[in-house]
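To start, the structure itself, in structure tokens.
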Amino acid sequence: MSTVANLTRATLAKDLRLEWRSKDAINSMLFFSLLVVVIFSFSFDPTAEESRRIAGGLVWVAFLFAAVVALNQTWAREMRNQVLDAYRVSPAPPNALFLAKVIGNFIFVTVLQALMTPLFIVFYNLRALGPAYQLPIVAALGTWALVVNGTFFAAMSLRTRSREIMLPLLLFPISIPALLAMVEATGAILTGEFSAKFWIVLLAAYDLVFTIASLFLFGFVLQAE
Amino acid sequence: MKRVFPILGALTGVLLSYALYEALVAAPTEQTMGNVQRIFYYHVPSAWTAFILFFINFFASVVYLIWRANKADIVALVTAEVGVVFCTVVLVTGPIWARPVWGIWWTWDLRLTLTLVLWLIYVSYLVLRRFSSSGQTPLLAAVLAVFGALDVPLVYFSIWFFRTQHPQPVIGGGGSIDPLMLHVLLINWLAFSCFAALVCWSRYRLEVLRREVDETLALEALLEPRHPQTRTSPTGSAG
Amino acid sequence: MPPVSDLPGQVFPAVTVTGLVKQFGRFAALRGVTAEFAPKRLYAILGDNGAGKTTLLRALAGLTPPTRGTISMLGTTNLRSICGQLGYMAHPSLLYDEMSGMENLRYFARLYDVGNDVTNSNKDQRCADAIRAVKLDPSLTRPVGQYSQGMRQRMSLARALLNDPKILLLDEPFSNVDVRSAQEMVRLLSGLRDAGKTIFVVTHQASLLEGAADEFVWMEAGQIVSRAPDLRTTLETR
């Protein structure tokens, strides 16, 4: 087990270092997220009361777009010089590689959210009428839900044609319960009209089920030609 | 086995005709909705049939993952295809029923929404099967089917709770069902199940034959003497 | 194909391939390859394009599962169990362009748990040794993406040597490499063979390995059609 933890840490450190050096992926994603927020603000311009109701949906759809951009480049570096072959040939456990990629994506998407959220608050005059402390919990659980399945399906798409469209095509249907939970929970917290507790529990269950399933099945996907 | 198929075919024909008669003529007319309600006898059995087919798909996918049995992969493919067709029937009959009766095309009805999500998942499954390189298709598809199956209870609970928060009209009404109507419903379900079995069986045989042809052609390519520096021609024969 | 045996007494083959078939749809890349390869040898695998050389190597590396047939390496058919004793190199560098040579090797060393038994400095030592073995400078901070092809291939070889593998599988290591680097690599490979490694080199430049390789194996249309200790015999008998 410690080998997996060590290797995960080393792989994550390597990915973060490489991303920091080139900054190409994170820069384009940041700009893309900014664009998404602005366009949404032009398209949906409701009054303050209405905005609280629909903000949950808007924000998470925007996060979803940003996440897909991040997820599509998850394995880009490994594909470039067939580095993935080096990993497959070695005795290293596939789960370490998977976990490192998921955590890396989680960090990227959270950074994007940290940029987009203040902009949404400003453009929509948002204020949480319910328990605001629950918002980071929802954000973390929701992001993990998108990122754990997204990283897995990104690896599956490597073996298909039309890689970039395959990822969202596989991810969106499976993510529907998680998306519903994220949107409803955010709406509940912002409007203060309902309790978000059920949705948070559902998100936690979703994360647990699919993290275990991904860890279990990633080896098969990696070793597929 | 060869004799069973035509017998099943005949039985299906008889059942479908009988079920059609029962649904359109013999069943009592619903008091509030009138004759439009009769679409219920297509809407509900299609949903049940689709769910059963997807369950079989999940089972076959797990068998494939454990034993890598080619036949399991074919069963998975077949049940997914036919299941999507039945799902489509549910999604089309739902709005057709809802519009004249409740005045709306769509509602986030539990059954309807669950069917929609399943339809989306299995269409993505079929797209994955088509777009992946042929050697890896069974494995990747089986993995996706497992993910889809794990998703189903989560989808159910999320929709169920959503509806308690945002009450929606229920297509088909809740509550008890008239025993005569139940009888017609079950007849239709039996007929649909036989029809599904028939179609699945045909598709299964078709797929088995197709794969046998592919294997034979591959074996031929293996045994034929090949000139160096020649790749397979567009017709698939080597050299 | 008579097995190659050398010393009197028992020599277990390092690699045994039986009836190996690999088909991609209708294209048969390998059409029934059966051969034994003795240990402590340098084998040159030759053949025209499409002969199946790369497919054979990838099957040995465990990257491509065979359609039919068996592979036995180091006494077992469970390739996954001995993968820590393999070194693999291909035409793509299998390295991260944005990191320096030392950084790359430090990371890949972790995949094999190299030097983990002691300390970090021990691991660094092993990486530096591997880089020096291919006549490169461990202290070079330039990213690998800016290397010349010759340097990159040598660094890729260093990566393949990190875990001190018993069997080396090299696919076109000399392609696009300058002559001096290539000769340097051949010298290194001879030394490694003398030290006890079994080495398979797929190449189009057979002349580079004359004098170094123990056996030249010619493949054609997915099969081994001739093998001999010298290049001329192999080319004449195919």
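Just so it is clear, A, B and C label the chains in written order, and each chain counts residues from 1 on its own.
The rule is short, and it goes like this: contacts are C-beta pairs under 8 Å (C-beta built on N, C-alpha and C of every residue); 3 or more make two chains touch, one makes a residue touch a chain.
All of these numbers come straight from a predicted model, not from anything done at the bench.
> Return the chain whose centre of C-alpha atoms lies at maximal distance from the corresponding centre of chain A.
Measuring from the centre of chain A, the most distant chain centre belongs to C.
> Using only alpha carbons, which chain's centroid is the nearest to the whole structure's centroid?
A
> Between B-C and A-B, which chain pair is linked by the larger number of C-beta contacts?
Spelling it out, more C-beta pairs touch across A-B than across the other pair.
> From the mean C-alpha coordinate of chain A to that of chain C, what's the distance rounded to whole Å?
The computed centroid separation for chain A versus chain C comes out at 39 Å.
> Just give me the whole-number Å value for how far the CA centre of chain B lies from that of chain C.
For chain B versus chain C, the centre distance works out to 49 Å.
> Taking each chain's centre as its mean C-alpha position, how far apart are chain A and chain B in Å?
Taking the average C-alpha coordinate of chain A and of chain B, the gap between them is 31 Å.
> Would you pick out the residues of chain A that each touch at least 2 other chains?
225
> Give the residues of chain C touching no fewer than two other chains, as numbers and ranges.
none
> Show the residues in chain B shared as contacts by 2 or more other chains, in ascending order.
Residues 135 of chain B touch two or more partner chains.
> In the complex of these two chains, what residues of chain C are touching chain A?
For this pair, the touching residues of chain C are 61-65, 80, 83-84, 86, 88, 90, 92-99, 107-108, 110-113, 116, 159, 163.
> So in the complex, the part of chain C that touches chain B is made up of which residues?
Chain C residues touching chain B: 21, 23-28, 31-32, 47-51, 220-222.
> For chain B, which residues are in contact with chain C within the complex?
134-135, 214, 217-218, 221-223, 225-232, 236-238
> Inside the complex, what are the residues of chain A that reach chain C?
Within the complex, chain A contacts chain C at residues 3, 6-7, 10-11, 14, 17-18, 21-22, 77, 80-83, 85-92, 225.
> Can you tell me which positions in chain A touch chain B when the two form their complex?
Where chain A meets chain B, its residues are 149, 156, 159-162, 166, 169-170, 172-174, 176-178, 180-181, 184, 194, 198-199, 202, 205-206, 209-210, 213, 217, 220-221, 224-225.
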